[in-house]
Amino acid sequence: MTLLEAIIAVPIVAAIAIAFGSPTRPTAVAAAAINLILILFAFGQYDLVHQEGAYQLTASHPIITVPDLANPGAEATLFGLSTGVDGISLVLLLLTGIVTLAAVWVSPAEDQIKGNKRLYYLSSLLISAGALGAFCSTDLFFFFAFHELALIPTFLMIGIFGSGPNRVRVAWKMTIYLGVGSMILLAGLVALFVALGGQSLQFVDMQAWADAPAAIASSSLENGIFLTLLIGFGILVSLFPFHTWAPEAYATAPTPTAMLHAGVLKKFGLYGLIRIAIPMLPNGAAHWQTLVLVLLVGNILYVGYVTIAQKRFDLMLGNSSVMHMGYAFLGIASMTVIGVQGAVLLMFAHGISIALLFALNGHLRKRFGTLEFDRIGGGLGKLLPTLGLLFGFAIMAGIGLPGFANFAAEVMIFFGGFAGLFAQEKDFVLGPVQIATMCAIWGVVISAVYGLRAYRNLFMGPLPDSTKDRKLADLTLAEQLPLILLIVTLLVIGFAPGLLIKYLIPSIENISHLAG
Amino acid sequence: MLDLLFYIFATLSVVGALGVIVNKNPVTSAFSLIAAFIGLAALFIQLDAYLVGIIQILVYGGAVMVLFLFIIMLMDLPSEERRKFGWGPVAGGILLGCVFVVQLVRVLADYSAGSRVMQDLPVGAASDVEQIGKLMFTQYYFPVQVVGVLLLVATIGVVVLSKKELD
Amino acid sequence: MEVTLNHFLFVSGLLFAIGLAGVLVRRNVIVIFMCLELMLSAANLSLVAFSRYNVTPGGDADYNAQVFLFFIITVAAAEVAVGLAIIVALYRAKQTTDITQINSMKN
Amino acid sequence: MESQNLPWIILLLPLFCAASILLFTRRSGNISALIATGCSLISLLLGVALLRLPDGVHVAAFPWLNMGSNVVVEIGFQIDQLSRGMMLVVTAIGAAVHVFSLAYMKDDDGKARYFAGLSFFMFSMTGIVFANNFVMMFVFWELVGFSSYVLIGHWFEKDSAADAAKKAFLTNRIGDFGFMIGILLVWGLTKSIYFTAIATAVVDEQILNGVSNGLLMAMVLCVFCGAIGKSAQLPLHVWLPDAMEGPTPVSALIHAATMVAAGVYMLARIAFLIPMSAGAGEVIAWIGAITALMAALMALQQNDIKRILAYSTLSQLGYMVMAVGINAADAAMFHLFTHAFFKALLFLGSGAVIYACHHEQDIWKMGGLAKKMPITFVTFVIGTAALMGLPFVTSGFFSKEAILGAALHGHKALFVVAAFIVLLTAFYMTRLIVVVFLGEDRSEKAKKAKEVPVLMWVPLVLLAVPSVIAGYEFFYKGMALSPAFPHHEGPASIGLIVISAVLLIFGIGMAFWGYKGETSEPMAGNRLARVFGNKFYVDEAYTWLIKIFQDGLAGVANFVDKVVVDGLVARLPAAGALRLGDAMRRLQSGNLQSYGFLFALGAVLVIYLVVFK
């Protein structure tokens, strides 16, 4: 068993152990911690110098083999459990490891869970396992299947442990939405597989086919496949206008699920675009670039204004997470090395910061039972100073203050957007990417508006009479620790983004057809 | 002579089968089914499959049908009451049966290999019991084990299902 | 007329069709179950017929088919046991063997 | 100590200070205050030591963000006259404000947070001053905005302070929106983000030849947007007066001397870019001039002592921006330098007054404080004189003359505006002095006022010194700032001095005549005065605009999202699927035999299709 297989296996084993009576919380926290250590170990094992961004730590267990066309007599793997990481997946593994640990940690103690306590902890671990598997797989089938695996516990968690009267309806809505997205995605992936010769589901082989000249003969076919993949992945990442599942689902989901889904699992769609759609269908990507730009501006500006209008903190967070996906799309759609790096870094940064915000959201909900700004009434800064301090960090990270990883990522995305200006020689004209980038920069103002408004409405101003007499406990040290873990991660990467970017650069430069 | 026997037993089994579906009383149906199974067993024997024919009688005609009769009597079922006799399902069932037979006839008409006559078995060949036994305990050893497990599971399943406390 | 393979196959098919019609026509679940057994046996007949007519190079019958038939009988026996147990349980719960009355799957 | 490490120490010392307060001494305000003040004093010493570091000295840079594709954002240092001089201002006023705050914030609950915020501000401001590239400047640009947010919102349980903090941050963000685009345009056009490299490319290699003027103008004005936000120029000036909700020492440091001047500093850094585009300088100059004029008019009718000073700051910043616009960045920096000292002095003075009057800020409830608070009075008068530009004896005179001189040479219309503002400045400052310090006390609080403690008046005295001498040649020689640092080189012409002196005397005289002995605003009924007092109703207009454009748009978007998008993308297909399912449900009778029938029918069909078709 290789390191990566161990990383996928640990949460699954822990989940099974919990199902069969192992103590829930200690097992889950231990598994998450071990996994984080294993992931950091994988960083150590990864050879930055010699491999030029190729998959490393690979292992393959072929399940179906076919005769190798290029190499008569030999067998080629059609499909099998193949694992491997490059810089991109490594960064996302780290994200998963950190968020899982925090999410398991902020899960309520057993006696506070109404319902099946084992299921609660087990689901978090399975979501994590699904995400890890999807990020580690270098086989199209398992890449897809692991993600689907993670959707089931998400559905269960929202439907069973969610808050609010609509939880079952919301769970269904999200599941159907994502199910339809996965179906479209599957259709696109199958079409891609067939169009690339139908010889292999291994990423490496598919990429090799795609890199061959005129790999897909008909450009309309390539465009069609890319569009299908875009919509499929887009639904999973809540690309405008397929985003309406997200805010409600996150507002309803129990805290660890919201953290894991918004923080980690949602990034699967973006990862898929970077891993499959863009490198294997570069012409399709170029053809639909303008469409993607229009949609992502919809994400940033339109959803941004929707976010401003929210009167509940959880809904605001849900919408803001949709909005920030627009930046990641911008980085990808810029089709530049800088932009795609920024997108991956943003996936990391946003994953951590939104998990942090949802964790704080959970603490507020636990203390107040409501998240409506009007009903909480503000002034909590004096009452709950530690919560207020950490909340301030989270909000500032969310709105991209320098020093947090989010800022570095956003700057890179913006630079990626303008890198296209280099391509033209003397005749500088602002193209659609640049215009979309400008819109995105306005999004920074929008996110400041809702972020500060939320902080103002929750923590600043005088204490209302309704909360004056209530005994509200500030965060205990145990409650602070996972939050601090997330904040420190954001700060470390914010101060030294190079720690992650050095892993990204070679792998992203490998993606063909990206502008320097 | 043998041909005559074929026609007799074939008629017996078909009539028995028809008896199963036209009789209102389940007990009568069960006895008709036994008749049909006996006819079938005779056909097997005519095909030189002595072991299979005997097992057909023992297992189907004996054990299974006794089980059926037990259950029928256990439940003390009256014959099917004549309430709301639906022509729809009856017509549909008969129609489908007829269509199936028509298709069968057409298939068989085109099946030239079907017009072969029976050859005698070579003299001195091992008996069917021996041959089947050899095959079962050599080549099909593993499936036999699996079937054994299946029977065990079925037994346990029946016990569980029949428990009174089941709810 | 000499008895050919087709004769056996026709009888087999006829029995199968009768069984099928019975399943669709009858409402007593026990009788339906009997008809299912009939259909299985009808299939057995064609197996044995093929076994006898498709001789091996040595001229002997192909006993593989008869082994297969054993398995079918065994499985059928198991199925009868379990099926009847289910019917009994169902009868206890619903006090009827009329399958038009057993439609909890609706809605 | 390696002298090359000096800038790093100056930069990081306050950061460590802020971090250690946050991490360790959060619960103890007094220790935190002492740590922060100690650090600021050390910083001052280091800031002075920095003056000895030669131009262009190589300081090791930290490659903060290596984006690949040869784009590396460094935390690097550009050490030249500009940054050395600015650093002196920042550390000197920072130290004074820290000491002043020790007394001013003595009994505050959030003392630790306050001093952490101050230290963090020192860190951010240092970063701006040292920045050798645009992105680094932007990083610290945002961070000063953040520390200003924290400090304005220090008394966050007051609604007004909380709103002011939010407003300041958001307004700055709007400016930064333009700034970021400007940075990207500069990068896109010159392929560099480093000031020296851009200067080489633009000035020496003429790389921008052939680029359309529209794009160049957009580039310059977008960069200027950053300055509009940070230096509170029209139309983003609204946050600065509201920022006076913060503690007064903060106003002195951040909202008078340093942060708001960062915009001007940045413009001086990139002054070589402005002439690249025809017309951009003109726009900048006029924005500055109009800001200066309107702010001065607004200052005429304010009754809050800090707001008067705030509008005066706006007005002076407008001066500086105007100077940058007419290619007199030297003059702008000179004025920034002198203004920082006397405006900090004035703010700390007003802080002393407010402290003595138990947090009364309405000038009409003061009066007669000159006798009770002589030190404060004298230093305040010195500051006022410098602000008005009293000829020959104050630093403000020289720097203001430099700007007026540049305007006279460059642009006559701007000169008229600028000269008129001299008159207005003299008027409102005299009004302030007369109403606050002279006459009789007009409230209980003013009656009980007495001289402030030593920790507070010492910084006043110390700041009064540079307010007087910072204009003279010898000051620069002493500080080793000459010759490249912009400073006074003798008055432009006798005529200029005469004009400004006449205007000055006229303004002072009018104010004396109008306000001597008054106990309430004599012009209260005047319609024009009301317009000034209400700040030209700009805030009201913005509130209205925000309501329509932001909240209205948000409401509409929310409605569209809930009804149209969700309806079309989710609910409509869902309803279709339900309807279809309803239709299909009729097939599911629950009757076993109908399923069997369908199954058999299917089997027969399959046979038909496979065998006979």
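Labels for the chains are A, B, C and D, by order of writing; each one numbers its residues from 1.
We take it that contacts are C-beta pairs under 8 Å (C-beta built on N, C-alpha and C of every residue); 3 or more make two chains touch, one makes a residue touch a chain.
Bear in mind the structure is a predicted one, so any value in this text is a computation, not a measurement.
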| item | value |
| --- | --- |
| Comparison of C-D and B-D by number of C-beta pairs in contact, larger one | C-D |
| Inter-centroid spacing, subunit B versus subunit A (mean Cα positions, whole Å) | 60 |
| Centre-to-centre distance between subunit D and subunit C (centres being mean Cα positions), rounded to whole Å | 90 |
| Rounded Å distance between subunit A and subunit C, as computed from the means of their C-alpha atoms | 55 |
| Centre distance in Å when subunit B and subunit D are each reduced to the mean of their C-alpha atoms | 95 |
| Residues of subunit D whose C-beta touches two or more other chains | 593, 597, 600 |
| Subunit B, residues touching no fewer than two other chains | 89, 92-93, 96, 100 |
| Subunit C: positions in contact with at least two other chains | 20, 23-24, 27 |
| Listing of all chain pairs that touch each other, if any do | A-D, B-C, B-D, C-D |
| Subunit D - residues contacting subunit C, complex | 588-593, 596-597, 600 |
| Subunit C-facing residues of subunit B, complex | 2-3, 6, 10, 13-14, 17-18, 20-21, 26, 29-30, 33, 36-37, 40, 43-44, 47-49, 51-52, 55-56, 59-60, 63-64, 67-68, 71-72, 74-75, 77, 80, 89-90, 92-94, 96-98, 100-101, 104-105, 108, 111, 113-119, 121-122, 125, 128, 131-132, 135-136, 140, 143, 147, 150-151, 153-155, 157-158, 161-162, 166 |
| Subunit C residues within the subunit B interface of the complex | 1-11, 13-28, 30-31, 33-35, 37-38, 41, 44-45, 48-49, 51-53, 55, 58-61, 63-64, 66-67, 69-71, 73-82, 84-89, 91, 97-98 |
| Of subunit B, residues touching subunit D in the complex | 89, 92-93, 96, 99-100, 103, 106-107 |
| Residue ranges of subunit D in contact with subunit B within the complex | 593-594, 597, 600-601, 604, 607-608, 611-612 |
